[in-house]
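After this come two complexes, each holding chain A, first together with chain B and then together with chain C.
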Partner chain A sequence: MSAFLDNFMFSYQAVIFAVGVNGLLALSMYAVLAVGQLSLGQAAFMGIGAYVSALLTLHLDWPFAAVLLAAMIVPAVVALIIGGPTLRLTGVYLALATIAIVEILRIFLNASSFTGGALGLSGIPNKTTVLLIYGLLAVVLLGFILIARSRLGRAMEAMREDEVAAGVMGVNLPMMKLGALVVSAMIAGLAGALNAHANSFIGPNDYSFEHAVTIISFALLGGIGSPIGPVLGAVILTLLPEFLTSLQDYKLVVNGFIIVVAVLYMPRGILTWRIGRVG
Partner chain B sequence: MPPFALNGIFEMLAQILQQLPQQLLNGFVLGSTYALFALGFTLMFGVLGVINLTYGFYFSTGAFLALYATKTLALPIWLALPFAALLTGIIAILLDAILLTPLRRKKAPELSSLMVTLGATLLLYTLMTATLGTEIRRLPPGIINHAAITFGDVRMNLSQILIVAVTASIVVALLAIVRFTRFGLSMRSLAENGEAAELMGVNTDAVVRLVSFISGALGGTAGVLIGLNFNAIQPYMGEAMMLKGFAVIIIGGLGDIKGALIAGLVIGILEALTAGFISSELKDAVAFLLLIVTLWYRPVGLFGRAPVKRA
Partner chain C sequence: MSATNTLLDIDNLTVNFRGLVAVDHVSFQVEAGTVHGLIGPNGAGKTTCFNLISGLIPPTSGRAMLDGSPLEGPSWQRTRAGLSRTFQNIRMFQEMTVRENVMTGMHARLHASVPEILSRLGRFRKEENAARAKANELIDFVGLSASADRRAGDLSYGDQRRLEIARAVASDPKLLMLDEPAAGMNPTETRDLVELLLRLKTGGLTLLLVEHDMHFVMSLCDQITVLNFGRKIAAGTPQHIRENPAVIEAYLGAKIAERLKGGAA
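After this line comes the complex of A and B, so read on.
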């Protein structure tokens, strides 16, 4: 049995890692969508986390826990700089401003020799374990479920349904939006660091606009009524191309199609139930 | 200070001064292309209130239609341009009817329309790449004279002059239409309040279709002229332009035509100066740094009105 397990792990390790990382990314997207905002910068937050963590490991040899912490803090600061001024405006501004981070990051990574330029960074030691990824995924998921059941979760739902009404009822809209964006950037950065220490190579093209759109399709397929939906969406969209290899070339078409259909015809996603309320 | 060092500095300054007029002109032309691209995009937001990400696709479509018209149909460029603009406008009406009209009917939140066009863009680009390939194509060589025309110290070619002229005439025409015509009045009323406009007898569906058509045609026109100027056409050309387009319309103020023109020119000139005197690698970062500065100090853009949602 153990031999079978070893064998299975060996063959599918990359996929198992990818499912966990994408699950975290889907949750980072959920954090923003849950308050009725849209960030197109999740791929950039992930990239910042990945590069910060890889540089700290390669050059300064920090302990992995400290590296992961830094990979969460740096994207959070970037989110504050970018998101801060847009939060009193309508959501369109945040969406467009976050696209700008994706572009700035790409230009910077390609131009800077410190980050390896277009070649990226290689030889990153493998420090990520399956237990670590899924443990962190479980912690984040549990955290979101607990939040969804709380007063905070109800405020988030109110914002999603009607921002003006929520504001009138006393929800502090700018604080909620900023909090959601910062938390989301931290989770995406964490996912990036875990991914960098699972793949041993990262490059500037791993964090493109297409990737940002893919992350949105995870959340929209699953539905954002509960935090479980986006994770389910990530699992499906990561595994589907693995099983249907003919689908691999059309991955982007499928993701695009899912977004269109989800927004037009099933705005609540495939998992439509909501988390119950307590207190 | 030893005299030769001073000489060096003077020489450098003289060189910069000598290059400056050409760099400024290059920046002006580049800025006109950004403005030209952003006009339809900002018009669509100004009237319809949606960030329509398929706009970059209209740009690529226009360029490919011009390629088809000049290569396969052997039309001259002055016929190929309206041909491409017309067809792209019709495509824009169709895409709006499929993607955005249902959301408008449902009164869905504005971010839904952004997301649906995001998905559609990914879908359309991938399909376009699958059918047309990613290789860079060129318009037939004889289609326009590429020789440089010299004005004193500076050089410019015909396609550059065409871009500046077309951008200027479109800006004037749009401003005139919005301000002085009946259609402009219905556009403004729709932008202000769709329901009230409808109650006052404005045929809002027709206005939406016409605005989509104009934006699509403008996007297509931009694609043809910019494809002509850079002499490179490929499916993803719209995406790269789109990213600059975001910067232009936010810096200029979402939905503002004058703002798009000025922001486009400012970005173009700053980019040309950066490329000429600092580093060509950092050129592309200029627009986005300017965008972040704008968001901090004047988030509604140069000419924007506060787009804060009110009850």
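After this line comes the complex of A and C, so read on.
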């Protein structure tokens, strides 16, 4: 049995890691969507976390816990800087600003020799374990569930439904939006660091706009009525290509198709259940 | 000095939309513990006035004072200062249950911090239990107990209006502003609403309301301010307003007003 498990882990370790990392990314997307905003920058926050963590490990040999912490703090600071001016405005400004950071990051990573340029960083030691990824995923998920069932969860859903009315209820709109963006950047950065220390190689093209869209599709497919929906969406969209190996080249087409179908026929996603808001 | 004290003091409030003066140097006072009506023909600037007072749009000039302090900043700060309102077109959080809606109305009065929420320790448990109990009371007060766990969007129109009032009262406001609370209601629902608002008044709440239903306004209000084309044209008791020629003219047009005067003579 144990031999079977070892064998299974050896064959599927990459997929098992990817499901956990994508689950975290889906939750990072959820944090923003849950307050009625749209960020297209989750891939950039992930990339910042990945590069910061890899550089700290490779050059300074920091302990992994400190590396993970730094991989959360740096994207959070970036989120504060771009969020401050854009979140005072309503509408699509956050989406536009976050597209910009994805592009800025990609160009910077390609150009900078410090980050290995187009070749990226390799030889990152494997420090991520299945237990660590899924433990952190469980902690973050539980945190979101506890937040959902509180005054903050009510405020978040109120903002998503009617921002003006939420403001009149006394919800500090800019503070909530900025908080959501910062938390989302931290989780995406954490996912990036875990991914970097699971794959041993990271490159500038791992954190592209395409990837940002994939992260949104996790949340849209799963549904954002509860924090569980996006994680479910991540599990499905990560495993689906494994079952459709013959379609590998069309993975993006399938992703795009799923977004279209989800928007048209399942506006609430697969998991339509909505979490209660009373603690 | 009069014996009553002014709760809301509107001083020369003005707003200019690209040259259109929607609210033009409007001043009026709402006395604590009274029901004050803001009436006028369509487009008179009543809702704009509400939006200025509640901080949804910034005024061009003028100011509002609530209980001696200036009302400033965005809407959420004004809610914290003791202002609450409903909307002309109901703005319910439709996906939420009735109870969750009312509890959302208490947002400004709940203070559990993020660590307290995540740990379920400290203020959280006590505060959340108290909020739920108070929400149940308010739902009972507006007569929606049987629907407390229903989706708000599934309620009838009249019930949504009552829920919106319960949600607005949940923030423990000093002043409750109601924008056309009786709009779209049938006579029975309107009668129930008058009774509900009078109970709120008896409970010590001050009300400022915009309404078109004159019977409703006259039977409920202690004082009335009349706007037309953004300007205040009259103010006084319902009796006084009913007989004011400027008001009759604003509502019915000069010709009809003239004919009415002739008929009465």
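Keep this in mind: the second predicted complex is superposed on the first by the 277 of 279 C-alpha atoms of A that agree within 3 Å, B and C clash if a C-alpha of one lies under 4 Å from a C-alpha of the other, contacts with A are read in each partner's own complex, and residues count from 1 in each chain.
The rule is short, and it goes like this: a residue touches a chain if its C-beta (ideal position, glycine included) is under 8 Å from a C-beta of that chain, and two chains touch if they have at least 3 such contacts.
Since the model is a prediction, treat every value here as computed from it, not as a measurement.
Put simply, more of the residues of chain A are touched by B, taking chain B and chain C as the two choices.
When both complexes are overlaid on chain A, the residue A:Q37 reaches chain B alone and has no touch with chain C. Once the two complexes are overlaid on the shared chain, A:I258 sits against chain B while remaining clear of chain C.
In the superposition on chain A, A:Y12 makes contact with neither chain B nor chain C.
Look at A:Y250: by the touch rule set out above, it reaches chain B but stays clear of chain C. Judged by the touch definition given at the top, the superposed model places A:V171 against chain C, while chain B stays out of reach.
Once chain A of one complex is fitted onto chain A of the other, the partner contacts of A:T86 are limited to chain B, with no touch recorded for chain C. When the shared chain is aligned, no partner comes close enough to touch A:F114: not chain B, not chain C. Residues 164-165, 168 of chain A lie in contact with chain B in one complex and with chain C in the other. Only residues 36-38, 40, 81-82, 84-86, 88-93, 95-97, 99-100, 103-104, 107-108, 110-111, 163-165, 168, 209-210, 213, 216-217, 220, 250, 252-253, 255-260, 262-264, 267 of chain A touch chain B when the two sit together in their complex. On chain B, the positions that touch chain A within their shared complex are 51, 99, 102-103, 108-112, 114-116, 118-127, 239, 243, 246-247, 250, 254, 281-282, 284-285, 288-289, 291-292, 295-296, 299-300, 306-311. Chain A meets chain C in the complex at residues 143, 146-147, 150-152, 154-155, 157-158, 161-162, 164-173, 274, 276-279.
Within the complex, the chain C residues that touch chain A are 54, 56, 74-76, 79-80, 84-85, 87, 91-97, 99-100, 103-110, 112, 114, 117-118, 120, 124-125, 128, 131-132, 167, 171.
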